[in-house]
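Each structure below appears as structure tokens.
In the two complexes that follow, subunit A is the common piece, with subunit B as its partner first and subunit C second.
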Partner chain A sequence: MSMESERDELRSLMAQAIRIELTTIPPYATAAYTICEVGQYDRIAPTEVNAEPLEVIRQVMIEEMLHMTLAANILNALGGSVILNQPSAIPSYPCRLLPSGKGPEVRLRRFSRDQVRVFREIERAPVNFDKLSNGDCLRAETIGGFYHCVREKLRALCRTHRPDQVFCGDPAWQVGAEHYWGAGGQAFAVTDEASALRAIDMIVDEGEGADLGGRAGDGDPVPGTGEEDVAHFFKFNEILLSRYYRADDHLGSPPTGADLAVDWSAVHPMRDDPRAEDFAHLPEVHARMLAFDQLYTGFLLALHEAFNGRPERLREAVPVMIKLRHEAMALVRIPVNDQGETAGPGWTFRPIYSTPERAS
Partner chain B sequence: MLMAEACPDDLLALSVALTGYDRASLWATGCVPLYLAQLADVAGPDLLARLETAGREHAAAVGADPDAADRQLRQRVLVDPDLGPLARSLIQLWYLGQWTPMPPEWVQRNGSKLRDTARILSSRAYREGLVWDTIGAHPMGAKAPGFGSWALPPAGETP
Partner chain C sequence: MNDAHPTHYDAVVVGAGISGALVAKQLAARGHHVLILEAGADRGEDAATYRSYHTNFQLTELKTPNSPYPPNPSAPSPSVLDITSIAAGKPDSNGYFVQRGPNPFGSNYTRVVGGTTMHWLGTCLRMQPVDFRIHSEFGRGVDWPLGYDDLAPYYERAEWEIGVAGDKAENEFHGIHFAPDYDYPMEPIPKSFSDRWFEQGVAGMKVRLNNGEDKVLAVSATPQGRNSTPRPGRHKVGGETAGPYGSAGNTGPFYAFQGQRCEGNSSCIPLCPVQAKYSALKTLQQARQQKGRVELRTQSVVSKVDTDPASGRVTGITYKRYEFSGAPVWEMKHVTAKVYVLATNAIENAKLALASDLCPSSGQLGRNLMDHPYVLTWGLAPRPVGAFRGPGSTASIPSLRDGRFRTDTAATRLELANWGWNFAANSPYSDVQRLVGRDNLFGAALRARLRDEVPRQVRIGIMPEQLPSSVNRVSIDPAWRDSLGEPRPVIDYSVDDYSRAGVLQALDVTRAVFARLGIEDRSVVDPSAPGYVTLAGRGFVYFGAGHNAGTHRIGLSPRDSVTNVDGRSWDHDNLWLVGCGAMPTIATSNPTLTMTALVLKAADSLQRELEGA
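Up next, the complex of A and B:
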């Protein structure tokens, strides 16, 4: 294979990586936002309900945002371009996590044991790395296996070609700590083999801790406390087992940390895989769900620009993410049928949709 | 979930008429059961039934002639010495998350009620007040809109 075609293959693999990272965020966000929060039970005194699982999912989610940003940095460093303004590039649900079609089916569902088990499956480490190396990365069966394969290809390319041939992207397009802060760790520029491998390792370690020999810790400190954080696979298992892991705990043995209080019943009964089209018979709900989709679409378009030479635009995306959260939390409170199921965020990319007046 | 003893449909219809927000928006506050329970506690069963009737009739009439339906609501509810103060407190509850106690004349007619005290009903009620949406702002100390958002024009504002 020529240098160009090898580099092109890596670019398309990194585009897949961005899609995989993006695919995880709406389901995680949706589950988190269906958790009933403060003030649900007690008429007078606010009560913290499920604050702990909400926080655990939130931590994972914002690390996925960092992973997506790092994957975009790698793609841009390779001289590729990030595409987030085309419907074909944006996941719609239900969908498969990986290009191979393997791995769990990813859906938009309320917080439940089943859904957290799916999340844990998303973050599961591959059983056998050897099977994948130098193979077809698109056939990987786990995220970790996919990145392991991409990593090998990147190293092979760097062994045979000059760094400036491989990393031919414009360094000004890199998203660094000056554009990205306060969420799941620090973004850094990818300009050479070392920084590209560091980015891939961070994505994999935070996901599964796979390269760390089954240890729960991911090698990064939790901001503020300085204690070592645990990988996503373990975080979701913490919720299922109602107990926190310590960084030195291992895969296969139970967590040894403090209790983690989970109330599986304090959850808004959101209908599975909500889509605006399914609520056309309820015009008010329909309009509100379309408004959410429009907000999400605008957010993705802003990300598209940020990853295509205008990294400073990430700043504008911050208030939109917060709006998305508040709107999603509002949607899951609206009952839509006699069974008491509620509406929810559809996370549908609708680039040509224009704003209707909110019916009031 | 806490459910109001009151009939949500008719009282929601009344709330839609009184606030100008649609049903979905009222549900989206997450405060429907809390507010309707508060209203029921202060109104008592008889006045509550009259409020339900007013809500139901307004909902039935508003499609054909909105102005006439609104006029009728003012005459039947807002100027009524028993229903008027309840309706006005309900409006304030939706907008501010705060219950405003009944005036002395109402208490003389209907007696004092245990829950008829001035207070913000819950932390959610404060955060979800309709006033914040109406003025394109966020509740102070809650729902922070994110770093740098102060550089953007307020929602609904044309720069």
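Up next, the complex of A and C:
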């Protein structure tokens, strides 16, 4: 294959990577926002519950945002372009996690054991790497396998071609700490093989674990503490097992950290995979869900600009994320039927350029 | 009996607030073994505890700076809710303080891990060069034993320890200057809409003061200990090259203490939900990462600093470890070290030193207690200005921080507030009560009025300089003790005519600003309020600013100061006293940044002492 076609293949793989990272965020966010933080039990004062599982999911979610940003940096470094302004580039749910169609089906569901098990599957490490090396990355069965394959291809390309041929992107398009800071770790510019591999390794380590051999730690000290963080797979298992892992714990043996209290009942009963269209009979809910989609669409369009040469736009996207949270948390509190199920955020990309109709 | 803990250290530090954490961090970075003794409750450094503070605050109806923190009878904290008017000869002992007046001391502090940075706003202003020599310049107060330029490298280090977001150009006034190769670690927090509205409104506005002096008003963005965006590039910080300021990520159970970027939760006091605001918990975490060991012992109330009568040297520290808050049961413990550091707030440091009969030479220990008697003035702007958005305050009018008037009138800083009448009138909650109860509004009309009025609320806070005075003091009295048998601080306090004159001058200026901008004055002065005072027939109400300072001031001579310029006690060779108590004067800047600079200077001298340099 020519240099150009190999580089093109890597570009399209990194575009897939961005899509994979983006795919995980709405389901994680939705589960987190359906959690009741304060429950009213048989006591007069409300009681704080579920702050810990909420925090664990939130941590994973914001690391996915960092991963998406790093993946965009790699793609831009390869001279590709990030596309987040086309419906075809944006996942709609339910969907499959990986281009191969393997991996769990990803849905928008409330916080439940089943949903957290799905999350855990999303982050599961691959069993056998050798099958994947230099193979068809699109057939990878796990995220870790996918990145492993991409990593091998990138290294192969760098072995045979000059760095300036491979990394031909405009360095000004890179998103660094000055634009992305304090959420999930440090964003850094990708300009060469070393930084590209570092970005891939960070994505994989934080997801599946540093040695992929079943150790819980992600090899990454929590900034400012020196403590090693725990990979996503283990974080979700922590919730299922009601106990925190420590970095030296291993897959297959129980976690040895402190208690992690989970109240599976203190959850807003959001209807699965809510979509605005399903609520046309409730005009106010319908309008509110469309408004959420509009907000999400605007957010993705801002990200599109940020990853296409205007990294400073990320700053404006931050308040929109907070609005999305508020709106999602409001939606999951609106009952929509006699069973007490509630509305929820649909995370649907709707590039409408006129103001959506609003219920009066 | 065997004790699980070691009993000898390189340094014992009393207090796990910002001062103690910084001393521990610096000494531990050099490999020294440091013990921090903290009176506050166990597990104060856990993320789960931080969350519980947040829940406490959300669930409480009376929201004060200390409401997140569970009452702890074994290590009580003062509360702003305890303050009442004081009748002559009848001390007010409602709360933890025993207040002898004549005016109430309105400030508080927090005895928890992290100290009072657990409820501060984060304002990080430098003092003006002239503030270091107000006695020479104006015949008032005392001069500092060092000048602005001596402290400048420590200011730089302090700003980087706290992670200050600021803009040099906005703060270069009245002689404040920055080294050309230095900059704040983070880009400034933007001025709020309301700040900019004031800025445009007062542009070029000239006021004539009573002494005939003219001042042109201007608005300056406030440097603050709040995460924004790290400034790119390298800078010279206290002589060392540093930067860019590292990302403080937020994964794992410790995320909370490193914090995210300020996202405008408008909840800086007491707690930032995303920990964008600096708290000493961040430095404590960093201290524990250093190569030396830092041990934190909580629920450990220091009772006595023991000294050798012959040499004056400290021989150990006796503390009470309580297992259950409120139970009058404790275990006496004793530790020794090469050096000892009292690093609590100005009142607790003085109390403990007095209870241990320390530092007698100057007679100044416990005296010169200062605060900023804080006066609020508020009104309704002619247009919405976005009240209740952003950090509590992001700008001020510094024009009255200096002038020839300081010979007989206190300098003041005019703080522009972003949270409407929140501190002044408990808005927006009280607005609902007022409109329902007084104006009989409900439903759509009520909502419309709230929507119209609340975003138009503006407030200016007046912070006058208070001079050091020997009659404003902390003392102890065996008659007043807490549940562990430790002395309660007895406080004599008054606001003198100098500060009152400063407030009146500032009130005149704020009135002129209100008139110019078309702001309808809605300030209420309640003559029955505890903080009501008058001068020449004009009255106002002051509150505490939480800026307790001055009780163990640094100086050049054992005759008139408690410690040398490094915080080292004149009377006890191996004892340091650090914190806001070290400040000889308080000027018009919130004291934490200057205090931090002094702490870093003290830490350097502690390091030299331990290393025999």
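A few notes on this one:
As a working rule, the second predicted complex is superposed on the first by the 340 of 360 C-alpha atoms of A that agree within 3 Å, B and C clash if a C-alpha of one lies under 4 Å from a C-alpha of the other, contacts with A are read in each partner's own complex, and residues count from 1 in each chain.
The definition used in the following text is that a residue touches a chain if its C-beta (ideal position, glycine included) is under 8 Å from a C-beta of that chain, and two chains touch if they have at least 3 such contacts.
As the structure is a prediction and not an experimental result, all values here were calculated from the model.
In the overlay built on the shared chain, the residue A:Ile352 is in contact with neither subunit B nor subunit C.
Once chain A of one complex is fitted onto chain A of the other, the partner contacts of A:Gln186 are limited to subunit C, with no touch recorded for subunit B. In the superposition on chain A, contact of A:Ala330 is made with subunit B only, not with subunit C.
Using the contact criterion defined above for the overlaid structures, shared-chain residue A:Ile62 touches subunit C, although it does not reach subunit B.
Of the two partner chains placed around the shared chain by superposition, subunit B and subunit C are both touched by A:Val318.
By the touch criterion defined above, A:Glu284 reaches subunit B but does not reach subunit C. Subunit A residues in contact with subunit B (one complex) as well as with subunit C (other complex) are 38, 46, 182, 315, 318-319, 322.
Interface residues of subunit A facing subunit B in the complex, by the touch rule stated above, are 37-44, 46, 182, 282, 284-285, 287-288, 315-316, 318-319, 321-323, 326, 329-331, 333-335, 343, 358-360. For subunit A in complex with subunit C, the residues that touch the partner chain are 38, 45-46, 48, 51-52, 55, 59, 62-63, 177-179, 181-186, 206, 220, 222-227, 229-230, 244, 315, 318-319, 322. Touching subunit A in their complex are the following residues of subunit C: 47-48, 51-52, 55, 59, 227, 229-230, 232, 244, 246-255, 257-261, 263-264, 276, 282, 285-286, 288-289. On the side of subunit B, the complex with subunit A involves touching residues 1-2, 20-25, 27-30, 34, 37-38, 121-125, 143-149, 152.
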